[in-house]
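Next, two complexes with chain A in common: one pairs it with chain B, the other with chain C.
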Partner chain A sequence: MKAEAIALPRLPARLWPWAAIALGLLLLILVPGIVGTYQTQLLTYGLVMAIAALGFNLLLGYTGLLSFGHSAYFGVGAYTVAFLLQYFGIRSMELYILLGVPVAALVSAILGYVCVRHTRIFFGILTLALSQVLWSLALKFFWVTGGSDGLRVSRPTLLAGTLEFTGSGSFQRFIFSYYYYVLAVFVIAAAVMWVIVHSPFGKALQAIRDNETRARFVGLRVRRFRWAAFLLSGTFTGLAGILWVPLNGLTTPDILYWPFSGEIVFLTLLGGFRNFTGPIVGGIVFTYIKTYAVATTEYWQLLLGAVLVILVLALPTGIVGGLAQLAKRLRAT
Partner chain B sequence: MSLLQTVELRKRFGATRACEGLNFSVERGEFLSLVGSNGAGKTTLVNLITAHVRPDSGRILFEDRDITGFSVTARIKAGIARSFQIVNLFDAMSVFDNIALSVFVRDGKTAKIAALADADIDVRRETRELLAEFGLAAKSDLPAGELAQGERKLLDVAVAYALRPKLLLLDEPTSGVSSAEKAQIMDTVSAVVRAGAVTAVVIEHDMDVVFRYSDRILMMHEGAFLADGPPEAIRANEAVTSILLGLPPV
Partner chain C sequence: MSILIIQLLNSLFYASVLFLIAAGLSLIFGVMRIVNLAHGSLFGVGAYVAAWLVGRAVNFGVPPIWLLLLIPVAASAVAVLGMIIEPLLLRPFYRRAEEYQLLVTFGLLLILEDLVRLVWGGLPLSADTVMDSMPIVHIGGLLYPGYNIFVIGVGVVAALALWFGIYRTKFGVLLRATSQDRRMASALGLDVGRVYIAAFAIGCFLAGLGGAIVVPSHSAVLGMGVEALVLAFVVVVVGGLGSLKGALVGALIVSLVRTAGIQFFPEVELAVLYLIAALVLIARPTGLFGTA
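For the complex of A and B:
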């Protein structure tokens, strides 16, 4: 008997990305029901880092500016939450976001104004130097910031105080609720960033990235656009810092220090900075690699270094770029 | 009233005199060619008019307005656009987006951050029309970096033309392409420019191209004008031919 082939519904090519997004989102919604608390917590960290990387990549991938100082904006977000709790007794996550995002935007606007006066290595060094200034301020003003001990941040209330996390089993409840909270913010942030990079403004940034001289000669005010990109980039990374600190329960100057900026660069390269989804994948994968590397060996930094070398040599377009090339090759054969 | 006028425009690079007190005017609607050997000061003159470099002295008047102190952006707003000798494109962006960007800038839409570029029907329609005019419609979705040299030169002109300038300055639009392609490029550029009633100043080395397409030819030599006139007058000018062909004057 002749076996009949099962006819899969054929999807128009333009619908494939949407189908992939829907599938990815469905998986992200279902994951906490399948895995335990610890894995859910890890994935939350991954989503937070994905938001940071989306912001970072607006500068690197879309504007062509490599910042080595994005720890500053992540740290500003995290410390703003810690200050709001410590000095104003605020415990609402919504207020953390509503008040923390403008603070991150303001700091990004001020530091960005200085940094975008230069490009290439000079830009990178300026971003690094300014982030180090914030790091040293966090260390030196210990009576405000807690110095190297940092500041503790207890579990906030979610959804205007309707969800509180005290008593027995509160940790598990918090992790699962907070996961969905972060997932919702991540989806909104990713959608907003997608619109930004596909807007006329986003096209102007890409033009500046490709050819600054020509961009000037079609009438773009290059420095102003770079500044706006910096501001948005820092604000997104600041939002990630705001979401990170209740999960971590503590903020220390370590997240303002340059190695953390390096991690943001690393995870963006890992996912691939030449496409929109690369930083998202990089943020999540990096969180897992780092966590398991730290748990496996005390030489975890060596392991991460090896991953970076392999990445640069074998997969310069990152995980997503590599997969896209593979898919292209498979389609061609 | 001339569209553009320069008054005693002067620019030196060290001891090199790139522009030596140039007085010249461009009339509305004309197709003017700037010719001269390498180092004659042609590109410097275009750079001065477009604010790519600043003059040591002298004035530039556009529609009787002194624009000498204007920035690059202000001059583009006034109606001056240019292309480049070495192709200057947004290589990772599609051919469509290269042109669409000029349309967005011209219409003051680049600050739009909360709307998708592809959803702007007016810009899409105009970009498609421009692609068709320049014969690039079939390459619309390709990254600009993947075009052949002749197509890149055309796109370079199209990006400047999409700004709908009053004065279009083209720095060697046919350099680096074969003779067959040169005619094709110049046919397209000349047709588009004349149909759009745009005034064009073109730097060109190929005298066949210059004589065929120009209304007027300006010959530069060592930072100064040596000859100015319609193609037939320039063709008959012995000083011009001797310099361009490297022959001693008869």
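For the complex of A and C:
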């Protein structure tokens, strides 16, 4: 066979990323038609975690701040939804998002204002300590939050009440519809995040990450930029929490406990925090690894821990970073 | 009045366990500049090893008072574990960014938590024979377990021994020199690797000791390490990361607040602790006694 026969169509180099995105999206749209309900549900979880990780990575990858307390914002989103249902009887997903996102933004703004006074290890410990405040409140005020039992959240209505999910077969229908719902939100969130990190604001964050002193010298108000990044980051993770609850059907203090923050860090690193797509890949891959680890062995934490240690030792740039390096090496030969 | 004394003793008991964990965490940070997220799990391992050893010994019919000797044995076992972990897992990370150090210790935490479950199962393990063998103290008509007073004594002895070791021995000088300036210490011919291993082993020994002395009065349960770690964090944040005095004062503050909290404001007891930590971090990021 001649070489030209299998050669890929010639695209200008700048169109390649768009082609890749289009292909990825097409795959994501087609998947539920191919696989079953269970796989669709898993992938929805993956997309939700990808949104959380995108938000988290604005701080770690682009601003250079490692938060060990992002469970707080995820949990705030989730608990806001649960409260809206429990105490106000609201059942519309759109209202959950419209009301939940400002709440998550407000909490991130307040906690962020405190946290960005520090960097490096102190920033990490401060975020952790503050997230633990929320965790202990959720655990102890059981008459409001349900304590360690948490709060149940039934299936919401989608698209302003046009889609309801009751009766027989409603679970399958819900998973199917909700997947596309989350996918749409995910695409919007990813696009917004892309714009943010490629805007002058995003460039300023990267300048601060790379050299704080110089950034200050050219006139950037470093702490204010970090605060804004923190706010956006927490809001995205809060949005993920909002989307996560109806899928899980239950919110417990576990998602506010600090090991969950560790999971968010883990999955971002798994994908690779030095590039934009890393957290997305990490969110989806981590969901699968965790689900199958839980399903195959009682000792899934052991497995995850081992994966994490090996990852940090051998593949510090994550899956996407590793693939990029591989591609570069292949192109060189 | 006697209630007050008992509450005070309770918080001293608690402070002495917290001090052991926090001192180890602080020592490791002070010398190696690593925040060891797996430190709580090492405390948990100490508790399980001690409970298991006591259980074996009771089966063999060892007289209860000899069982106390098993506590340092369990702590030493954790120290040996530390001597395996440090060169194997931590050494490759000293030159890397802090993020990776946090992550590798987080991975270690996941591994240790499950290893404990793998070895000892999911049921709580208790070693109350040790506690029952100690006399009961009468305080103003109320009864108080003598074992708790023994634990307070261990805390005091450990604090004195640590202070002596760090500020009055040659090894302490090496430790402090490495902590001040690792490269300079190395340039002067100090085997920094060995100092690191020793520091990490001592830190692990302290965590294991904390677990081993707590297990006769509270059973060893899964997840105890994760819980202990955040409390130890609060202690070192309040006292100052890397400071021995800070760990002591921090442990006292945290346990007094906690005892008062359980008595007067049980709902927000934990939240108040974390808020104190956050406030200290905002006002004095290096803690009350920290210099880092």
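Quick note on the criterion: the second predicted complex is superposed on the first by the 325 of 333 C-alpha atoms of A that agree within 3 Å, B and C clash if a C-alpha of one lies under 4 Å from a C-alpha of the other, contacts with A are read in each partner's own complex, and residues count from 1 in each chain.
Rule of thumb we're sticking to: contacts are C-beta pairs under 8 Å (C-beta built on N, C-alpha and C of every residue); 3 or more make two chains touch, one makes a residue touch a chain.
The structure displayed is predicted, hence computed values, not measured ones.
Participant: Looking at the overlay, does A:305 come into contact with chain B only (first), chain C only (second), both, or neither?
Facilitator: Touch status of A:305: second partner only.
Participant: Given the touch rule stated above, what does A:90 touch, chain B (first), chain C (second), both, or neither?
Facilitator: Neither partner.
Participant: When the two structures are overlaid on chain A, which partner does A:315 contact: first (chain B), second (chain C), both, or neither?
Facilitator: neither
Participant: Counting only touches as set out at the top, which of chain B and chain C does A:42 meet: first, second, both, neither?
Facilitator: Neither partner.
Participant: Figure out whether A:130 sits in contact with chain B (first) or chain C (second), or with both, or with neither.
Facilitator: second
Participant: For A:140, is the partner it touches chain B (first), chain C (second), both, or none of the two (neither)?
Facilitator: Touch status of A:140: second partner only.
Participant: Comparing chain B against chain C, which has contacts with more of the residues in chain A?
Facilitator: Partner touching more chain A residues in the overlay: C.
Participant: Classify the contacts of A:21 with the two partner chains as first (chain B alone), second (chain C alone), both, or neither.
Facilitator: It touches nothing on chain B or chain C.
Participant: Check the residue A:101 against both partner chains and state whether it touches chain B (first), chain C (second), both, or neither.
Facilitator: neither
Participant: In the overlay, answer first, second, both or neither for which of chain B and chain C A:293 touches.
Facilitator: After superposing on A, A:293 lies clear of both chain B and chain C.
Participant: Please identify the positions on chain A that touch both chain B and chain C, taking each partner from its own complex.
Facilitator: none
Participant: With touch defined as at the start, can you tell me which chain C residues reach chain A in the complex?
Facilitator: Residues 35, 37, 89, 92-93, 96, 98-100, 102-104, 106-115, 117-118, 226, 230, 233-234, 237, 241, 266-271, 274-275, 277-278, 281-282, 285 of chain C touch chain A in their complex.
Participant: Applying the document's contact rule, which stretches of chain B touch chain A when the two form their complex?
Facilitator: 50, 52, 72-73, 76-77, 81-82, 84, 88-93, 97, 100-102, 104-106, 109-118, 120, 159-160, 163
Participant: Which chain A residues qualify as touching chain B in the complex?
Facilitator: The touching residues are 195-196, 198-204, 206-207, 209-211, 213-221, 225.
Participant: If you look only at chain A, which of its residues touch chain C in the complex?
Facilitator: 60, 66, 68, 114, 117-118, 120-122, 124-126, 128-130, 132-133, 136-137, 139-141, 258-259, 262, 265-266, 269, 298-302, 304-309, 312-313, 316
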